[in-house]
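Have a look at these structures, which come just after this line.
Heads up, the next two complexes both have chain A, just with different partners, chain B and then chain C.
What follows is the complex of A and B.
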């Protein structure tokens, strides 16, 4: 009788094992959440992010899933509005019952979601907002992939200083008057101090500014011939357009958003072969292999939407899946977080530098490669390997 | 000296954009008493329509505008008939709220049709730099300043000499009295929306030719609003002039003082002017503000 009771208890425990696990995991499926910018002017980022998740999930699922469980991506739109990000994640947690989070929208958005992430001990990989505010202070379940704007600008200015060697260099900075602009100025400041070059002018502008005529005229008057261009997309293009009008001959360092095709289309007509620093590959055999995968798993329309954000999200989900895989059949959030924390030199197949979260900040992929635009054919040439600055 | 001239010249360019958009605001307010919060969206929508026409038929600037302006006027008429006409007789605040809703709808439609990516839109204009004296310009910049001049002149002549323009002024002065003398107020409202849409299209196309075409173009409507306040909400010509003033002041503040003062400089001027002339530089004393 006693043996029968023990056997019955064991059967009951076995049959309820999957129900006792954390939300979002069944015997056949793992639900991964994605809070993303699917509507509004910044939705070209969200579309690219969604394609990255789709390609990674399709690749993992085709290879048998995570220990036999297929990954399902559940996407919620936040329209790039932090309050909506909070609502979206609430829905993902309470209605969809996700296991982990991969897409996290912008910096303000991920910060808005942070209380929910911490409260639910949600394994979260942040790839599109590698801002210091996200990883300092470190939150136990949050892992960040990406370099900093500060390093990106320092790296580009270092390359200009050491390799392009402009005559009588006068450096200038134009940047937004917010945290993002502050990070750029931090890298600029570091370069100015380290290289001992002339700091011609620093100008701030409000987000959404379209007319940069006065700012660029100031740059011209200050004799700037090395410009740290902190404008993004149309703003960056308008700055370069004004510089071209004033016949300014200069080397330009840019934000990594300027390697996306829509940005290149806007800026290239100004004729400046500007630099960008990015933590993902923009060309080369590794990039070509990724695009082959993209064409296999994504539709033509989705492939057309691919930009750097696709690659960073692909890397994020791949790293998350690797950690979940290491947990074996007993997949829990605690285990996933522990395995993410122990992840070391995870191979991204050359799409980014290898991922290691075994550091205090749980931050990886900070190594940046420098690229230079050829404005004539709108292509990028890789100038350096992934390097930590 | 060149630096000063450069700041003034480029200030006139951005000021011309403010002025054109502000004219559209003032025209509708003058004849209907309503602040159209969808004016910026109208500027954006007509610019995108023009972009599609340009991309399809590769027209040069003037033929492009000859096609764009009538289409924009038709859009203005449809918006007035569908959204504003049913609200006739309702409180002004309710109509203003309808324009706020309309703005959101137009923004959504624009992104739904054209997507979120920004575009280079030359509007058929050359991108070679031309010089006036020692000051460099892009042709689109000169066209923008010229367009403000032409539209201001046409606006003045229309309001001063045409039957429709005089009727519009009559409606603005006293709607009930205008009705009593046989003026069709609803027709005047429709014409105001059509003309406002026409001005919006000129502003939108030339703004996009200068500063790129993106789904945040609607925001220029809000940025131009201070020009309407400064010029006088019921003064079409005053709004145009005020746009230029704000554009130049912004550039001078940025150029000589810098550090983001561009954004607040226009408002400083507005506060000072309104303390002296609460109805704006060119506005009527008895206007009701919303």
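What follows is the complex of A and C.
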């Protein structure tokens, strides 16, 4: 009898050991955290991210959850301020006891959370900041989804060079004076060198600049007719608006933020059918299927908030859930990280290129599709398949 | 019932407090602060650390703006200088934290002379704009001096150990911050009742009259800038230890506005007010969050869609309402409560 009791106790201890070691998992639930920009001017990004997590979680839960456990999303707002990201993640870890993290604000915000992520061995899928600083050096528990700005600009300029073939091309670059702008310039430089085209002018501007009259006038002076527009949202729209005032006839390559409805609404009046390279689908049957799901699982207001960040966060949580599923009932952070690391060609149902983290940087979704805006009806036409540059 | 205080010597007039009751409550408060990490969870301790850093920064700004009357919107810049100095010295030059942290304050104080000198002839909004411009300049320098500051990449800060104790984690960081806060508050209280403090107040009340009385405006204004920036630089260093990462985005200009809001809400010119203001604004979002989690219908679509906006608006409304109803700030409220308590049951 005594031996039986001891064996039973040992079994009980063994079965609860993993839960005791790794918070956020119970017999019925897995808590996934999400630190996001829910307030402030960039809150439309955070809202879109939250909707992506919600749709993925609802879909997974309806299909029976992760080995019977339902996913619960706990969102914290950081207002796009790194110090608050740190605070928010501390709360998610200490108070809400999350198991993993998906969807992680901007680059500086992710970096501010990085010591906590590493210290807690927190499986993390970075979906909104695919910056080199996030995946180089690689952190064991951090997995990134998204292409690089460098590739995005190189890909667009390559498309312009090979397919649109402007006469007497003079290339110009306008970019922010930070790491993001540096990545864009890297892709621009690669294109200039490879295609042997004329490098007309490169201009830097400070983050938050609102008036680009002088910069664009310089572009006009230099005869630029292929512009790598490194401005984002209002900045990009201002650059195009100034170019239109000066009647500049040009092909434009843009940052992927310019395919979001708020950006398009600001930029389209300038009348440029600009290009965008993105690692998620912006239209087509796969996108339509995703929107059907969105209408099923999200409210009308949430569906209205959907943009590219919704899709990439949906992909992130789906990949994370797949890794957790592969761990079976003994779900631990170590196992999830191991399975994420082994993830190969995970099918995103066409929302993005298949996800594989089995590379040194634990980076996936780097393949980009090129789209072109129709400024008249504010729609995008897909020009290429997902391609690695 | 208390009948009032009668002072017989100058020493009694400048004493921090002649009331044993006050000292008793101060001791009680300190004991509670020391015991806090053993009673609270890690998240609450993290919040306390952030609040204490805000107290240090607010006390620093209060010396410049509240006591001397020089409005500054450059606090984010001084915080960045302190944080970057600490991070660079620790990570790139291998300095121990007990040297790099005060060095952060020192560098901020030295740089403040550069801001202080052109600001000597400026007052009010003109000075505010000059200090704001300084924050912009610091921002640019950090971005462009890449070999020194690592530019936009930022710096991870780790290895702040003293006698084998990691000062960047849990209780150790809390006690480091608490100790620094106590030192800063004590120093500020002592400076304020010294010749320097009285000179600053004279400058604030009427700088021409102060000069006529023999106060050297150049010297005392620069001193105010230096002392304030030293304290704010220390706060910046502590931020770098807590977050363990510095990047220019961590020191957004909104921090300067928030610092100003803290000392106005607390009560301009009062150190206790700066402390109360910093604690109030640090914990207000958390209180609002708890309030909504307790009383709002979290399952409603309206709540889930707009919870963050609602919280943000509530935060703003509380501040506006407070300033409208109590323009002297939290310290004014505290004085009213104290007066009511002293005079009870008589009305006043």
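We take it that the second predicted complex is superposed on the first by the 372 of 389 C-alpha atoms of A that agree within 3 Å, B and C clash if a C-alpha of one lies under 4 Å from a C-alpha of the other, contacts with A are read in each partner's own complex, and residues count from 1 in each chain.
By our rule, a residue touches a chain if its C-beta (ideal position, glycine included) is under 8 Å from a C-beta of that chain, and two chains touch if they have at least 3 such contacts.
The shown structure was predicted, so the numbers you read here are calculated from the model rather than taken from an experiment.
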_Which of chain B and chain C A:141 touches, first, second, both or neither_ = neither
*Have a look at where A:210 lands relative to chain B and chain C in the superposition and call it first, second, both or neither.*
first
*Touched partner set for A:265, first chain B, second chain C, both or neither*: first
*asked:* Applying the document's definition of touch, where does A:127 land relative to chain B and chain C: first, second, both, or neither?
replied: neither
*Go through the superposed model and pick first if A:366 touches only chain B, second if only chain C, both, or neither.*
neither
*Once the shared chain is lined up, is A:233 touching chain B (first), chain C (second), both, or neither of them?*
first
*In the overlay, answer first, second, both or neither for which of chain B and chain C A:39 touches.*
both
*asked:* Under the stated touch criterion, which partner chain does A:177 make contact with: chain B (first), chain C (second), both, or neither?
replied: both
_Shared contact residues on chain A - chain B and chain C_ = 39, 43, 177, 206
*Partner chain C, residues of chain A touching it in the complex*: 38-39, 43, 77, 81-83, 86-87, 90-91, 93-95, 106, 108-109, 111-112, 114-115, 133, 177-180, 182, 206, 299, 301-302
*Show which residues of chain C lie in contact with chain A when the two form their complex.*
41-43, 46-47, 50, 140, 143-144, 151-154, 156, 158, 239, 242-245, 247, 249-250, 252, 254, 301, 305, 308-309, 311-312
_Show me the residue ranges of chain B that touch chain A in the complex, using the header's touch definition._
3, 6-7, 10-11, 13-14, 111, 115-120, 127, 129, 136-138, 207, 211-212, 214-216, 219-220, 250-252, 254-255, 258-260, 262-263
*Please name which positions on chain A make contact with chain B in the complex.*
39-44, 47, 177, 203-206, 208-211, 213-215, 217-218, 221, 233-234, 237-238, 241-242, 244-247, 262, 265-266, 269
